[in-house]
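Read from first to last, the chains carry the letters A, B, C and D; within each, the first residue is number 1.
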């Protein structure tokens, strides 16, 4: 997954972008980057790691300019490399261009093969570079080239593109990924989530609409919608898990949606008896609160999340490895001992983490563990940007609910129904249309042939 | 503040110590270190930064041994230097010694002056080095020298001392800082907090008692209590704020004590009307839950804590500076808008953070802010290891409650009473005796003359 | 300037390349890189700095393969950037390709403009990337594409190109830069200079001929010469200054040529009286020895070169700055005091270094300084790879010899004549044809229009 | 070996010290450090590596002051550690002290044992720390304590000691190591060698005399000679090999002495026939020149020294290892082929390097190699600071000259006689008295019992 941000017409453009990337850091911790422009000259810096590792004072000062875009990235296995860090920056026939992309194209491989045949040289292994090469190949002015390029790509994309004289934001016609427009004094701002707007005290203007291209130039916003319309397919998993609870995504408060999911789950489990409701922190907290409010079972903090987790951990043997995994979540024995608990989490992917949590709760003296998940079983992979693993490794892909329950070692297991989830997600919202592919295998686009991982070169 | 850990008779001594320092990381993020022994040879490594920054696989492997001690440190301003990182390791007349200290001596300056007169050369600016020099100067065997040295020092100390053939743990007669004994198979373990025992799956045996010295050698524990007895003065602030909620400190569950503090506060505010109870995360959460349970005002998550905060932040101007402080806590506008809230926190030190939080809650549309603090006003500095600033900068030192309320910009301000706090802290516990100096100025020992910051040398 | 190396069919390919780059390090200290292939897979690593800074054991091990090419680079001001480090590595329609280039194309800007019009995206600011893009654009097999590409470029190039199944070496038809073929057991080797062959104990086979393309595949060498013939224009400055004295360049021993240049200079100064001959170390030593042998004036070491010179020197004020420049060469006062010296150097570029040396010799008590240069005055810039500065900054471009003498503060100044230099350079060699453009302004090709430094983007 | 430097009363004290450490870098490349004082406050910085690695602009600026001392260090095997880097800086009963030491004490172990018995804690494994602890233990004022301390130590020491108000320089009564006094405007300067004075344009005043203590305070020099007189024992190896050729050491030009050594060797080999004289660069150059002048055999550069040698070289197998050693010196085949050469070097230690050089000369086609060494055979270890290895590994310790010749694989082998060496070293000098222990086993002091390497602790 990724987060993108852009701002124009502001003397603190690079500082505000830097600050905003902290607010979007949950969307990607693998690499970070900023490109900025000052008087027709473009500068950029990117690096592997989280924002605080990538940028020192020196880089931020070097990036001083009046417009900037930023990017944080989390990649799938195998392509964690500085060449894939964004913004991608290049000189093309349209001049200097920087591009930040959130989402995943489903026809990138075909585009790449066809462009290589025409003489293009790809430098990264990201699908995002295909957009850049299409732009470089398409004649006409930049607007014409961009429209032609977007007509050629399929899949999920929220984009921020920076040129020496404008900022362009666009969102694919399905609207898979969020993208919002804000205003800070005379500056326009675009961001994956509203939390960045709140942080820099910008006002929320509106969503960039699915299929919309917005040009921000000389302090003015101009919008075009040249792409063929398609049914909406907004990613419901942004609401369930991915976005920050303080953000407003697809027009809805994420915290409120998650509380509603918890309430809905409690309704579906009506009459269920337990002593306390315990969330898996941090993502399970809002649903657990909603569950507690609805069910009247008291909410308790039974698991403490550590903020200090080793990234380069040493695991000399199996025993040490097992211990290391407990670092992140610690049970509060005094709260848990002898209790029947409803353990609330947002989702189960492989099931291994949930099983470890269950084990550690048992060790702390919990009597009964009833696991309550505020979304349906995840059964298939995402091709639109969420880093769920291959379908085979999703526990619900090949086990039924009772098998999962046994695997987790819990006393009962409850998933929210698809309908209840969608009702909670759209409640109070005038718009409809979510992508539920990971829960239903109903993909709103054609999906890529089996991805070929046989890269021919690797570089450091 | 600091955290200490030690383990003997375990082939994974360094790995387990490394792991445990992650669990104690909240007690100090400035430096970290481990010393270990293998067949009479002592090895150590320490560095500035958090545990994950200080140790790579290479260091941990180099530290392989069968006994080890570890230390995490947070210093007061001005002496943040690698020379002060612990464990302190030295060759003395008693052979090789490593020492890890939590607490603060109140007569370190006198000891230092007197030892320098006798020819000692101090290399760090820590009080802990005084203990090492006393050990080096005192004749007899190590046990005799240790007893003589501890008789000479005053103040707070929980110590783990490692020699090539044993591990020694001791705690000052007032019992200011916690220290517990655990057992993992055939290995004895000492730790500042029980959370490290839980993590490595060691059993909790008991507290190291105030005034006790424990020698662990050849798999056996031997205890002596040679120091003059004094009234207990356990740091109540460990319970209020410092320790991890999943730890058992001074025999009590920290999470439970904090919930009790919240309940007690709700009782003292009986009849108070508000729409929701909102904690300042993470430390205010248990008290807020207790408050909500007692008062029946619903608990809501109105502030989201970010896990990604820049340590080396760029603040080119006042405007950017102001924005940067909001990074850590973000208001959830949908939860807060139009509400009268009880904002629960554990304590107020300078008041500047609380004021910023209040501002940001107002901006998010809160109607009324009623601040409820689960401890009394902090009016004086700590000389026993808590890193409270000089008395002058403590807001309650020179402002009354209404002045503080105005400074914070809140509608009402409520502190828990001293009696109620002490009742909650000792509830269910057979032992009595807390240090309340920061709330009452009643110091259980003589305190140092005005600390002289005129260091004569600084080294990198 | 740059140095290139390649080896095939050797299990130690990366190690031998690494070693050889040390031997070629004098040809470029700005960046270094290696690409290697193993069973169809290509790996590469490059970085800023000298070879010992760029490669650690980890990288060399990662590069294990059976064929490899390497590159060291020294760039002109302004484009010192990791993106310009070579080998350039890319996926193209012809598969994975790595390219190492020594020399400078004179029509790179035109090629770039034309390729950008066709949709190419350039990632570096080097002319070398143009060759890669031409290869990617030209259809047919790799050999056809390479011939078509080389027909399109003008200027100086010695190239080593690595693909998963072969090593290709080529040299432009003018033969500006050296490139030799060697053999080590069953492995063929190509290198900018023979010193690398000597180091790895490879036998010297022959020069790669001007206009020749050599394909090394399955342990066999195949040669084609498809490019139109042009007069030879081998860089005489390689002999005068650039190459290592232990190398054989263009079929001649560099050390011997330099001694001959010194002898020729002594002949042209026949009858000149002085007490001692002193070289400017290290490059002036062979010519000074030749001068001494011919003139019978004793050779003395009057200047000592320091091997420890700061790259990141601190110069707080003019005074300190002046001192810092003396670090590199120290006069030996006892040798120099009261003497009339012939100071021998290979060339004068800006004149500032020579002036400083003259000053420091005066301070050491030299009576008379007679400067003798073993080549003619440098009056114009090089467009074929030597990093001479723009013509305006060359002292002999705008001052006559007496003006230069005054600027340097020496008692007399003597340059070798063009004819004598060329006679020394070709003596004993059957081949003719040198480029003398820097001494004569007679460029063997058309030269680039005024170089435009207005880069549109910069990236770190 | 080590180099020391000090300067007082100069606003650029740290910059000039930094610069001078570059000039003394040949005396030690393992660690470097500077301590400076400003208005009674002492600051220091030291690190592992060469001067350019240890100091960045930041550190030099932090060290701004009006007096400073500096140190470069090369240690013997096993104690390469930052704790041993100098200047040693400490707070003692005499206030803040920084100490830089060149030389080696022969009774450091006894002093250490005795001080540890009295309660001292040693932090480094250097003998230099013993001086610091003696100072800290001795009562009275600093001058009294220093005299008492120096009376207690034996062996070689040239010292620079910095306090907040003065600079102290002293040299042991045997005068093992050099130390000179210079003057730069109103600033006094002390340095191991005069080359640093030349660099910073300071005037050479005189040697610090053996047994002299010089106090530099308030711009005045005061000298005392309180130590018992002993016969002079100046290290002749400084002249033969160690010092820089442009320095004046013990009152003599090093370059001139080395040329005399070469002349003397040629006289002892009178009538010897060969085609050319070839030095082993750089240290063999002056002796080879002297040899050539005396013998009339032409001097030629037959070996080229590379300035780029890897410190962290990868040697995957024996074959690669063998190649790597040739990196430093390359034969110039055209000069050597078919020649009978006199190969001149200053000394032979283990013989392995000389053997490798001989091998590589043979491979380049040399007909006969006659090795001529400008000093006698080294037969015993140095206990006064030169890093010669243990006696067993010195080739001349257990092989006679013909055996050495065979080991090296040369046609004949010639050493200079002891008398001739001493005559050359003292020629023109009024003073007598050299230490020749490494050539004669006649140690001018008692030497340490077998050094015990069994350190009890190691720290990073």
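Basically, contacts are C-beta pairs under 8 Å (C-beta built on N, C-alpha and C of every residue); 3 or more make two chains touch, one makes a residue touch a chain.
What you are looking at is a predicted structure, and each value in this text was computed from that prediction instead of being measured.
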Task = Going through A-B, B-D or A-C one by one, find the pair whose contacts repeat those of C-D for over half of the pairs by residue number.
result = A-B
Ask   = Using mean CA coordinates as chain centres, what's the chain A-chain B distance in Å?
value = 36
Message = Between chain B and chain D, what distance separates the C-alpha centroids? Give it in angstrom.
response = 50
Message = Centroid from C-alpha atoms only, then distance chain A to chain D, rounded to Å. What do you get?
response = 62
Task = Could you check chain C for residues that touch two or more other chains and list them?
result = none
Remark   = Touching pairs here come out as A-B, A-C, B-D, C-D
Request  = Over in the complex, which chain D residues touch chain B? Could you list them?
outcome  = 40-45, 59, 62, 89-93, 95-96, 115-123, 132-133, 136-138, 164, 456-460
Chain A contact footprint on chain B (complex, rising order) = 12, 15-16, 18-19, 22-23, 25-26, 29, 50-52, 55-57, 60-61, 195, 198-201, 244-246, 248, 253, 255-256, 282, 285-286, 289, 293, 298-301, 304, 306-312, 314, 316-317, 319-320, 323-324, 326-327, 330-335, 363-364
